[in-house]
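The chains carry the letters A, B and C, assigned in the order they are written, with residues numbered from 1 in each.
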Amino acid sequence: MLSLFFAIVGRDLKLALRRQADLVSALFFFIIVVSLFPLGVGPEMDMLRKMAPGILWVAALLATMLTLPRLFGDDYRDGTLEQLVLAPQPLPVTVLGKMAAHWLTSGLPLTLLAPVLGLQFDLSAEGLMVLTLALLVGTPSLSAIGAIGAALTLGLRGGGVLVSLLVLPLYIPVLIFGAGAVDAAVSGLGFEAHLSLLGALLAGSLFFAPWATAAALKISLE
Amino acid sequence: MSNRLINWFKFASPATFYPLAGKMIPWFVALSVLFGIAGLYLGMFVAPTDFQQGEGYRIIFIHVPASWMSMFIYLVMAFWAALGLAFNTRLSGMMATALAPTGALMAFLSLWTGALWGKPMWGTWWVWDARLTSELILLFLYIGFIALQSAIDDPRRADKAGAVLALVGVVNIPIIYFSVKWWNTLHQGASVSLTKSPSMAVTMLWAMLLVALCFWMYTIAVALARARNIMLERERHTEWVRALLAQPKP
Amino acid sequence: MLEASQLECVRGDRRLFAGVSFRLEGGELLNLQGKNGAGKTSLLRMLVGLAQPVAGEIAWRGVAIRKLAEDYRAELCYMGHHNAIKEELTPLENLLASARLAGEPLSDEQALEALYAVGLGGREELQAKYLSQGQKRRVALARLIHERRALWVLDEPFVALDVAAVDMVAGLIGAHLQRGGLAVMTTHQAVNIPAGAVREYRLGA
């Protein structure tokens, strides 16, 4: 079972590396969205510093959203998904592998990039550290919850827009605790509670999402 | 297998359910009108004028029952969805599909009346109060459900996919509600709460309950009517629908 | 060993077929016939468990496949319309990956040998996007060379193949039947399977 998990992660990572354009464009989307906010609301540093946690988190949500249709879409079109469903292992394990690979190619790069963008908003050193930590704990939940939406909308018209309708409302708790952690750190309050709630969300979504996604995949393939 | 189980599945068959629902709808409509008149009379004329908020507060007799129903309908929808996934009955999926628009309507009504109430109270149409925000997210969840189902052509897949989404939503609603509340207290939320008005008289509670019952009966009537339509559409090639349509209209 | 009874399939509004029953033993091949749209692919997808029949039951070694789940899938090799190969991977990587995902890892030597056998020798390091349709199909079919699972379900395995490749795949199926395996396939071509008992089933007749 573990070997299947690693086989899937390995294959997806190899594919992502051969298709670097996809990976890089999602990152640039993140950078551009974050940079648009100062242009929209004005360059006053005080206000931007206050808005930074929310901006960075919303942009991370949107960038993750952008990569979701690819999570199962390619495998669905070329028939690999049928083979994965028919493999003699529990489907949730397979799904967990797909989620892990998705996070490694979307959530993790975002997390590593975020502190650099945080500098644009004059975040303090502690703020930057908490931002990175919060993204590190929060983005895996985004991959896990997003996988449910991606699986439900496989092969449907307007799948990309539909995914955001389904998944964005479910992302709200992650957004609140993620941005809240950075906010708390910036204003000198304790951020540990937020981070542990993010951790609880992660545990919950890693437990439930693979089952829900597996059920959704079977429904979509039928 | 007990006899009772078999009986239940008999009612779950559209051919039996269709005429039964047709007979039940007028009753629920009548009950809804009755409860509605009683509740609104209590709320509008009997309940005392609020010494702080004047007559404007009376909108809560619509607002609060609508919020209750919007949440309750989501639970019922998820219940039917789970039943449909577990027993693969056709009726369950149809009921879930039939309930969703009414649930969305209730959420919308709750937001709308909340805004109407907010203008005189807070001087603004919208306040990021924990309840209103949660209600807005609930409306998003309903819209997602409806959008997903309408994007799928095959009714069997639409039912099952909708069911998975409804169940995921039901697990998430408490988490969302908790997180929004937490967010609200951190950011100094609104100081006036809609339901905790200082003089919550017994008459007021009764009025709200009666209006809630009115909405409840309305929901059942509308959901049954909608389920009947869905049934006819999906089963138009079956014997019983053809026989039904061949009958002369009374 | 594989038994289908009274299967019924509905797609949208249309009933594709009903009352489909057959029984298949070791060493037998079931060749599904039928017009386009008769439901051949739908039936195959039911047999492997990807789709659920509206009515009827499929049993493997006397047990319903719904109950067997993974135990059934461990004895099953399915090849659908799509090749299930990745354009960005080389034939060698594709073959190794699909074998690993199916839980039957191949050694590099076995995989290379299989690729040479399907006539892709020397192209094993070329990304699959540079291959022709027929060559991609061959990559997919190379899986069958070391495939020892009992039941093969093949949807149009001969599409896009040239005459020599058709003979080779027919030979693979024949060898599989000779080992006591079972196979169900659809094809529009007249193909001579060299060994085993071939039975025909016509859908929509």
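We take it that contacts are C-beta pairs under 8 Å (C-beta built on N, C-alpha and C of every residue); 3 or more make two chains touch, one makes a residue touch a chain.
Bear in mind that the values here come from a model prediction, so they are computed numbers and not experimental data.
Chain contact topology: the protein chains form a complete graph, every chain touching every other one.
At the centre of the protein atoms shown, by the Cα-centroid criterion, sits A. Between the Cα centres of chain B and chain C there is a gap of 48 Å.
Rounded to whole angstrom, the centroid-to-centroid distance between chain A and chain B, based on C-alpha atoms, equals 32 Å.
Chain C has its Cα centroid 36 Å from the Cα centroid of chain A. Looking at chain A, one finds that residues 222 touch two or more other chains.
Counting partner chains per residue, chain C has no residue touching two or more of them.
Residues of chain C that touch chain B in their complex: 11-13.
Taken in their complex, chain A has these residues touching chain B: 148, 152-153, 156-158, 162, 165-166, 168-170, 172-173, 176-177, 180, 183, 197, 201, 204, 208, 212, 215-216, 219-220, 222. Interface residues of chain A, counted against chain C in their complex, comprise 3-4, 7-8, 11, 14-15, 18-19, 74, 77-80, 82-90, 221-222. Within the complex, the chain B residues that touch chain A are 85, 137, 140-141, 143-144, 147-148, 151-152, 156-157, 160-161, 164-165, 167-169, 171-172, 175-176, 178-180, 182-183, 186. In the complex of the two chains, the chain B residues touching chain C come out as 153-154, 236-237.
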